[in-house]
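One chain, chain A, links the two complexes that follow: it is found with chain B in the first and with chain C in the second.
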Partner chain A sequence: MSDARYWASAAALEGILDRLAAERTLIGPVRRGGDVYFRPVQRAADLCRDYVNALEPPKRWFLPTPERLARYRLPGGVSVPGGDTPRELVFFGIRSCDVAGLAQLTRFFSGETVGRPDVADGPFMARRERTTILSVVCQDPAETCMCVCCKGGPALDAGYDWQLTALTSGWLIEVGSAKGRELTTRFASSLAPAGERQLAEQAGRIAGVVESFHRHSTRRVQSMAAGRMVSQGRLPEAFWSALGERCVECGGCAFVCPTCNCFNVVDAPEAGSGVLPPAGGPEPAVPGGPVATGAEGTFERIRLRDSCQLAGFVRQYGGSYPRATCGERCRTRFFHKLSWQFVARVGTLGCTGCGRCVQVCLGGIGIDAVSQRMTDALVGAPAAAPAAKGA
Partner chain B sequence: MSTALAPADTAVNLTACPFCGSGCTLTLADAEAFPVLGDPVTRGALCLRGWSAGELLDSPLRVLSARMRIRGSPLAKAPLETALDHAASRLAAIRAKHGPASIGILASARLTLEELHLLAGLAHAIGTPHLDALQRLGTVPGPSLGLDAIALAQGILVVGTDLSVRHPQVHRRVLQALGRGVPVRFVGANAGPLATLATEWIRRLPGREVEAAVLAARPDDLVLWSSELALHGQGGPALRRLGGAHSWRLPDFVNQLGLQEAGIHPRAGGLAAYEMLQRAAAGQLKALLVFADDPFEFFPALAARAFQGAEFVLVTDAVATRAAEAADVVLPGSLLAEKAGTLLAADGSRRAIEVAHVARAGMSEGEVARRLAAALGGKAGPAPRAAAFAPGPDGAAPDAPTPDYPLIAALDGATLWSTHPLVGATVTARREVWGPRTDFPDGWVTIHPAAAKALGVRHGWTVRLESDCGGLLLAVRTDPHAAPGTALVPMHCWERAGTALGALEVDPCLRIPVFRPRAVRIGRQ
Partner chain C sequence: MAVATHPVHDASDLYVPRPVRILRVREEVAADVATGTKRVVTLDLDRGDLDYLPGQFLQVTAFGAGEVPISISSPGGLPGALSLTIRDNGVISGMLVASKAGDTIGVRGPFGNHFDLDAHRGRDLLFVGGGIGLAPLRGVYWQALLRRGDFGRIVLLHGSRCPGELLYSWQWTDYERQGVEILVSADRADDCWAHEEHPKRCVGLITKLFDEARIAPGRTSAFLCGPPIMIENGGRELVQRFGLAPERVLTTCERHMKCGVGKCGHCVVVDRYVCIDGPVFSYEELAALGAIEPAW
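Then we have the complex of A and B:
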């Protein structure tokens, strides 16, 4: 937990957010129908107050898809678009699981996970550096939330600039970074040091969420038992092929996961070129294939979100598929979520317990159901039918 | 370098996925599609096509400007108004010379209901009875059920369809029913995911599913089926024997039920879509107006002859297709995400969609139809309601295997999406469904690995697939999902293999082209 803690009245926080919205892009929860989305808002009053989380993960602001990385004319050569500076973004209300996810993505895209700052991803890092995170601790989690299992929440020790907890009256603010300290200095007149009573109230509220999870939630990321099974390669082929039968390869679990970082890069003629696949031909030069030698026109290099679960993701030039079956690709995915080897490399589990993969999976194999199956395999119980728990 | 697309507005607009009949609701956050959690069909999930829908907005294949050719010359960019005027005057001249029935209109299930009515209005203004859609596929008249029917079912019988490909949201509900202990039985040849997960798998060769289902159905079974039956010539038997209060024919494409509602099917004296292509190829139909579809995907040879045989072809589409390439005038259409309007969902209910993205081309298929109808004058006012479609007699029965021809050739329903023009304009969904097309550019036949072993052929080898009518050379793909005893042909080889094997026929019941399951053998090359 960070050492600097403050208290702000509801009105004071609203004033701070309004000031921030006037000078940067303030992004927060808004409601449409029964659902919540994170969108830019003009003022704090536009934010919705009672929400759990959005299905869209915040990574879409850092890894937009499709993202135009470069543009070039052939023949002629490469012309990279001149760097527009990304906008200064302020996120209000994102949840701890997503803060933890963003921290993991940042370790990956900064090159930290591989000890290579020289391979940092420029566009990602530029956007990340221009972002301020004012996260809000969950007090009424959804039925699919499992952050407690993954050290992904309900509150965090780091990763945010400010972490806010709503109290009976006003907000407790924890400061987690230099950027957060700048904000406290700047808005000092709206803040007061947090008192013992407020700190105790916050601790009580967080403990209440954890206790309620243990008591009432039926979903778990069984990171210990499942991690052991995956890490030690103790799950037989049949385990994975059974998972493969349930997966319809929608890619959704990776697209919504706050930690998944798979992407694809393709070169294609610029939008609206109307270039046609060659008649009756195989894979056309576009979209997605290499640009043919001698091609003419304006081309773009595009980055898109991707998923290691998809056959096309593993396809090699020439048509071999190193992880040919969906079951084998499931194994890779869960190895990258739960294995000790992954934790050793990246520092944390590949799951923060946000529960989105439970919500989006057409096959009913969210991480709760899969880790339960792994645990059953460890203790020798018959595999649970994940569909029963499917979203 | 910053290339983040700046989302300027705070609006959340809801549109529909433009692909299958599930009718998922999605939002576009910039160009990134996300499912809607609270929508009763979508419930937070999309299949890969839906997740890829945002990639269409700026696809290199988008048609953003009009193009036209003066016969013989290459297509060249033209101002929209010029191209529209040119199309209208060509159509007026053809009508004056050959009569209104010399013009045929091909509609599409990816248009809104309002647009389909405008197309009916255009047919009325021209005075032609020829209005149909290739994407009608196996739509048969009948009631629609909803996802609630699955939630309430005591037993489920899935007939001849791989729901995970055809109807992912229904597949999901059926898996949930299995998880609740509801008996789910699958009638079919091929090992799709449901075949293996189902309580019981009733194996029947392609073309034999309906008779097996009629025998297997229990009184309170919910019966789920899709167009695969009709595409194998079983539309008549399915319609007559599988229909009923507990039967749900799942639509294949997003607004396929809208086609029915707008009366887009062969009318009295009118040609069906496939027949229009045949007549144009024979020089009897002089003009074709194609809206948001590509007949070249299923029937490249016939479409090429039809486009050649017609004096004038207009293609209006949001994406470039081979049809557009071969047309005389190409007009830009719009994607569903760029339109407001109504769709008929799989349960028959009306669904409003909003403009979720600014229209890239500033024109839509409906607008083109409205403008042409106005220019061609004729009868004013809305088109009279078309009579309901009248199914004809059953088509020929499927073959049974013989000692000389021991395998049954059929279409591989799992490849349906590899022929969809919009899938072809995405990057991610295209990559997935086009993988095999990339690996086997000259087409293939899929057989079970054990069958390959028995024949002494290997994955990738070229073989001769032949029936008593003739044969063709194809690469072999081995895949355990193909039932032993079958030889599966991908959808994009329907015409080529169907013609060579004598399997491509017109079903007299639904007046659609079908691939009648034929007895075949595989010979080593």
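Then we have the complex of A and C:
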């Protein structure tokens, strides 16, 4: 729970954001064409005001793709990309589902989730440490939003530096970290302690979103039945192969997911280095696979986003292909998202309810639809409504 | 010598290979188009201050191509070279197999858990290596031989598709002198196979050798590695037919990996990361995972 609450007028907040934009990189929602993206802005006036969420989660700012991990010259030794400290970023306007997703990614890349703090991911952690999160509570969620049913929103207790809620007049600010407290100290002259009336208004607005979700939305991330079926391995192969038939293997669900973290690492000639693969084999045997260059020159080790739904994710040379069918890969994905085993390991579901996979899935197997299928597999599909008497 | 189970990395160099020099290259298996046999070599590396425990693996870089996980095939805690036995299976392993003494390759690690030999003190050790699967076991039985008195019988079963693919045959006499009982099998015999009597041999799957190995179930720990089908069937047979305790049947899994530190997600089996929770798993653990997804 946040330790302090303040109120700022709309003009005061704009002034704070303008000052932050002047000294750091301010990233917030902007509209490009019909879509909303998180992009750097020069001043607060450039921020988009009427948006639900960006289609792409903010993870691209923490896990850029491609990202150089190392660089080397052949023949010779290895050189590390030296000393380019990431920029100080301030995010304004990211939603609670993404804050929760980022918190999950941070626990994962710090090694905490797998009990290995000794192998924290340096590049990710460096960026995360230089980021300030000013999240904004969502009050008009999309039809696909499900944060309410998996502790992903609409408001959070932790994970942000400031959590802002728009009120009839001005903003309520909750402070969630030492970094947030520093900001409040610094901008004390623009802030006033939140009054009872403002706290009550915020509570009412959040309760309204929750109530509206329960009353109107048919989408749910998980049910007890779904968790039971997937965790105990009780869903038959036919269940997964039917899902596999719907999946077009685009990987979209993973790329727009705020919690998905899988990546690929490849070594390749550095762009512009002039190194070309030998004649006859410029293309890798499988997409994303290695290419033997055997040449001299400058190479880089790059990290690319990957998805467990893509063919080849676990394919090995030598003929072993553990999850050769799309259905088996669907099982892995939804097991990771919904199983009790991963909840025990990670502490939360692998979903924060942002609903993006529902929006992008071409096969109609967003997480809510799959969860519903799992529930139906245990309790049976709901009976069709009985025909009206005398009809 | 005490070795940290988990290597401690400077966060900035987590994905950066360190260059190491190849001291020697020994050809274990020659390529043979007729039998579909692929070339296998053992690279002896200048290990520097790199230390490890039996069963751990390295992420090995062929500079200019990329990185693959390779088990370590020599005992840790000792001076001397670090051995990697590699089969020419793909682009990167092909480049590694083609390397020569004096070349530089990259390594990261060691990664993963290990075979804890202390837990098997006083017991018989049964090593079952199918094909290239003997490579990760070699460091383990070698380590056991360094403290030979701590264990009862040490039996090594090694099988392959054809006689030419058997590994480390140049060391067999040496092993036997140190009290290792060796039995070998080949799925298909060749002309010489039947004429040689030593070591004891049979034609067929490696599991046929179980009957010859005089296994005492109550006091035997088994270490298996090989193709998935061998681990599945061999493990089941040792547990169900010979009555070994499932937690005493240990195996090491192979998965595609990109990081080695539980981040890239490629090696996940059910809820385990093979790179940090494994690669060593007991038959008991794999059977439990198998309820959701076959882990072998």
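Here is the rule we use: the second predicted complex is superposed on the first by the 355 of 391 C-alpha atoms of A that agree within 3 Å, B and C clash if a C-alpha of one lies under 4 Å from a C-alpha of the other, contacts with A are read in each partner's own complex, and residues count from 1 in each chain.
As a working rule, a contact is a pair of C-beta atoms (placed from the backbone, for glycine too) under 8 Å apart; a residue touches a chain by one contact, two chains touch by 3 or more.
Computed from a prediction, not measured in an experiment: that's the story for all the values here.
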(Q) Going by the contact rule set out at the top, does A:G204 touch chain B (first), chain C (second), both, or neither? (A) neither
Q.
For A:E56, using the defined touch cut-off, is the partner it touches chain B, chain C, both, or neither? Pick first, second, both or neither.
A. first
(Q) Under the stated touch criterion, which partner chain does A:F263 make contact with: chain B (first), chain C (second), both, or neither? (A) second
Q.
So in the superposed three-chain picture, is A:V248 touching just chain B, just chain C, both, or none of them (first/second/both/neither)?
A. first
Q. If you stack the two complexes on chain A, which partner ends up touching A:P193: first (chain B), second (chain C), both, or neither?
A. neither
Q. Touch check for A:A311: first (chain B), second (chain C), both, or neither?
A. first
Q.
Applying the document's definition of touch, where does A:G380 land relative to chain B and chain C: first, second, both, or neither?
A. neither
Q: Figure out whether A:L69 sits in contact with chain B (first) or chain C (second), or with both, or with neither.
A: both
Q. After lining up the shared chain so the two structures overlap, which partner does A:F342 touch, if you call chain B first and chain C second: first, second, both or neither?
A. second
Q. Looking at chain A, which partner touches more of its residues: chain C or chain B?
A. B
Q: Across the two complexes, find the residues of chain A that touch chain B and also touch chain C.
A: 69-70, 80, 122, 264, 266, 306, 315
Q) Which residues, counting only chain A, touch chain B once they are in their complex? A) 30, 32-35, 37, 39-42, 46, 55-56, 60-61, 64-70, 80-87, 122-123, 126-127, 245-246, 248-252, 255-256, 264, 266, 268-277, 279-283, 286-288, 302, 304-306, 310-312, 315, 319, 359-364, 385-391
(Q) Per the contact definition, I'd like the list of chain B residues that touch chain A in the complex. (A) 1-12, 14, 27, 29-32, 34-38, 43-48, 50-51, 54-55, 57-65, 67, 164, 168-169, 171-172, 175-176, 178-180, 193, 196-197, 296, 300, 320-322, 324-325, 360, 424-428, 430-432, 434-435, 437-439, 441
Q. Chain C touches which residues of chain A in the complex?
A. 69-70, 72, 74-75, 77-78, 80, 108-109, 111, 114, 116, 118-122, 125, 232-233, 261-267, 284-285, 289-295, 299, 301, 303, 306, 308, 313-318, 320, 322-323, 328, 331-332, 335-336, 339, 341-342, 345
Q) Can you list the chain C residues touching chain A in their complex? A) 6-19, 61-67, 87, 89-95, 104, 106, 227-228, 254-256, 258-259, 261-271, 273, 276-277, 291-294
